[in-house]
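Letters A, B, C and D name the chains as they come in the text, with residue numbers starting at 1 for each one.
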Amino acid sequence: MTTSPRSPYIAAVGSGRAVPVATRRRAREVGRAIADAGAVLVCGGLGGVMEAACRGAHDGGGLTVGILPGLDRAEANRYVDIAVPTGLGEVRNALVVRAADAVVALSGEYGTLSEIALALQAGIPVVGLDTWELRRGGSPVDAVVLAQSPAQAVQLALGLVKRA
Amino acid sequence: MTTSPRSPYIAAVGSGRAVPVATRRRAREVGRAIADAGAVLVCGGLGGVMEAACRGAHDGGGLTVGILPGLDRAEANRYVDIAVPTGLGEVRNALVVRAADAVVALSGEYGTLSEIALALQAGIPVVGLDTWELRRGGSPVDAVVLAQSPAQAVQLALGLVKRA
Amino acid sequence: MTTSPRSPYIAAVGSGRAVPVATRRRAREVGRAIADAGAVLVCGGLGGVMEAACRGAHDGGGLTVGILPGLDRAEANRYVDIAVPTGLGEVRNALVVRAADAVVALSGEYGTLSEIALALQAGIPVVGLDTWELRRGGSPVDAVVLAQSPAQAVQLALGLVKRA
Amino acid sequence: MTTSPRSPYIAAVGSGRAVPVATRRRAREVGRAIADAGAVLVCGGLGGVMEAACRGAHDGGGLTVGILPGLDRAEANRYVDIAVPTGLGEVRNALVVRAADAVVALSGEYGTLSEIALALQAGIPVVGLDTWELRRGGSPVDAVVLAQSPAQAVQLALGLVKRA
């Protein structure tokens, strides 16, 4: 594996359900780009976007960490290298975020929205790819950095990682 | 206090920072309406919207529960009757939501957005009063029930509480 | 209720299963003594020792808080005034401890042992009544303050509460 | 690394403080034996026993996971391959346990005792090496499987791992 203990950790968050082929392809490219950069991919460990991202990272020889909602390691998708069962349900969303130096959000449902919000609350940068748009008082809130492609999303995320 | 062990629990979520007078007044009215309905008010226990809501509930003789991010009970606002320090930081947002049968969101920042999202993920109804607007793919996502007034918000929330 | 927002919070921890009559009676006396002192009783909210302690506090007009392992408020025993469902399973043991200024442990099983240990790790005083004995290297570790009666246990716990 | 996605995960728990040379050596041997068996070593990621165990696993070409109490990945000892910052403080003890198929406890303080207790509560097997002795009602409680050497401890732990 190409990662080292001091690699950045990038979370890939998105729906755990079956997703359209185009979304799956992009998730896979995100994972591949994370691996190519020598970063560790962190995710919720389940299917859909998470599985596709893990698969991409796996293809690229990267390391994948799945922080699972349940107690059973077997619920991890097959491309998760390190599976951490938590038994916390959606409370684990906050731990996926805390484990990451930056978050790439792809498409997604309410769980993804919570991860975007928790990251922003914690000051962890978020890059979005065709994901939730945030508005308040009728105006857009530009807190999520928008990317046009998987490669750009990962590049932006890596650039935003704060280094002490 | 007018609550009973079988009262509904309604979470009032919103910014912990200083908020405009109009927002504070509405938060207070939300709290008062929760108390008047004999419901328990749950919140994150801090200032801003949380404090105003607790104050309103307190004025109405209701019971208020604050699930705090830190370890020190003293960080609770003065209108919290039961303070539960957790030391979990923003991970406690998910516990505020889980402790509630329905959520009323007022205005708010990223923490509030995470609570809205976590509630929606968990199937807990959310009523919004001048709060985050959710969009995906350029279209609004109508998951939050919109209210026009504090009284209506609480009424809607109580109506949405699922009873087994 | 005789509690005030600045009351001490005392956790009563012990088995959630059916317990012998003598244990149940002592748990009830612990709860009663907590209420008589104007303290809030915190517990895991289930049966056995927890229910008996809540009942005692209830008899004395005190306030009881149950921090539940599951997601359903209905799993609380009938003497819990404020039920906080967490869905965290035994992870919530740490939250019972964190919510308390001191812990009284009665009898108990592994969950109780974990609560004793977590309290000691966090520097929260623990009083034991016929509960786990700790040994290391063949010698007793005197970290738990031993009480001979329910009344004495609560008195010791209140005396150990650190005030800022 | 010699691990595979379906490797067993063995937690090595013990004091995070400086420990005597003999304890450190045994922790290192535990880590080495975990790696030699192709298992993943899980721990709290800090110093003392955790660091020595990680070092041993590292020497043996194994993979080490550190589930950290703080928010900063840099608090991990240098032999942690995958660092998961949680920001949960000692609440993370329960997650170390949940991430493991079996626990080996070496020496240790209250945090270790809590991990032993949480594992036993959750039905996860615990092997002890010169660690806490549990007694109740004046009699030993034989819930922890006692080992005489690091190699035996790991062998026993692996044998106790339940396979679905």
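A few points about this structure:
By definition in this document, a residue touches a chain if its C-beta (ideal position, glycine included) is under 8 Å from a C-beta of that chain, and two chains touch if they have at least 3 such contacts.
Quick caveat, the model's predicted, so the values are computed rather than measured.
Bringing chain B onto chain C by least-squares fit of CA atoms involves turning it by 180°, to the nearest 5.
Interface of chain A with chain D: the two copies contact each other largely through the same residue positions, with over half of all numbers used appearing on both sides.
Each chain gets one centre point, the mean of its Cα atoms, and the points for chain A and chain D are 28 Å apart.
Centre-to-centre spacing of chain B and chain D amounts to 40 Å, using the average Cα coordinate of each chain. Of all residues in chain D, those touching 2 or more other chains are 87, 89, 91, 95, 98, listed in ascending order. Viewed as a network of touching protein chains, the structure reduces to a complete graph with every chain in contact with every other. Those residues of chain C that touch chain D in the complex are listed here as 89-91, 93-95, 98, 109-111, 113-114, 116-118, 120-122, 130-138, 143. Of all the residues in chain A, the ones that touch chain C in their complex are 87-89, 91. Residues of chain A that touch chain D in their complex: 1, 5, 9, 40, 63, 65, 67, 71-74, 76, 78, 80-87, 95, 98-99, 101, 164.
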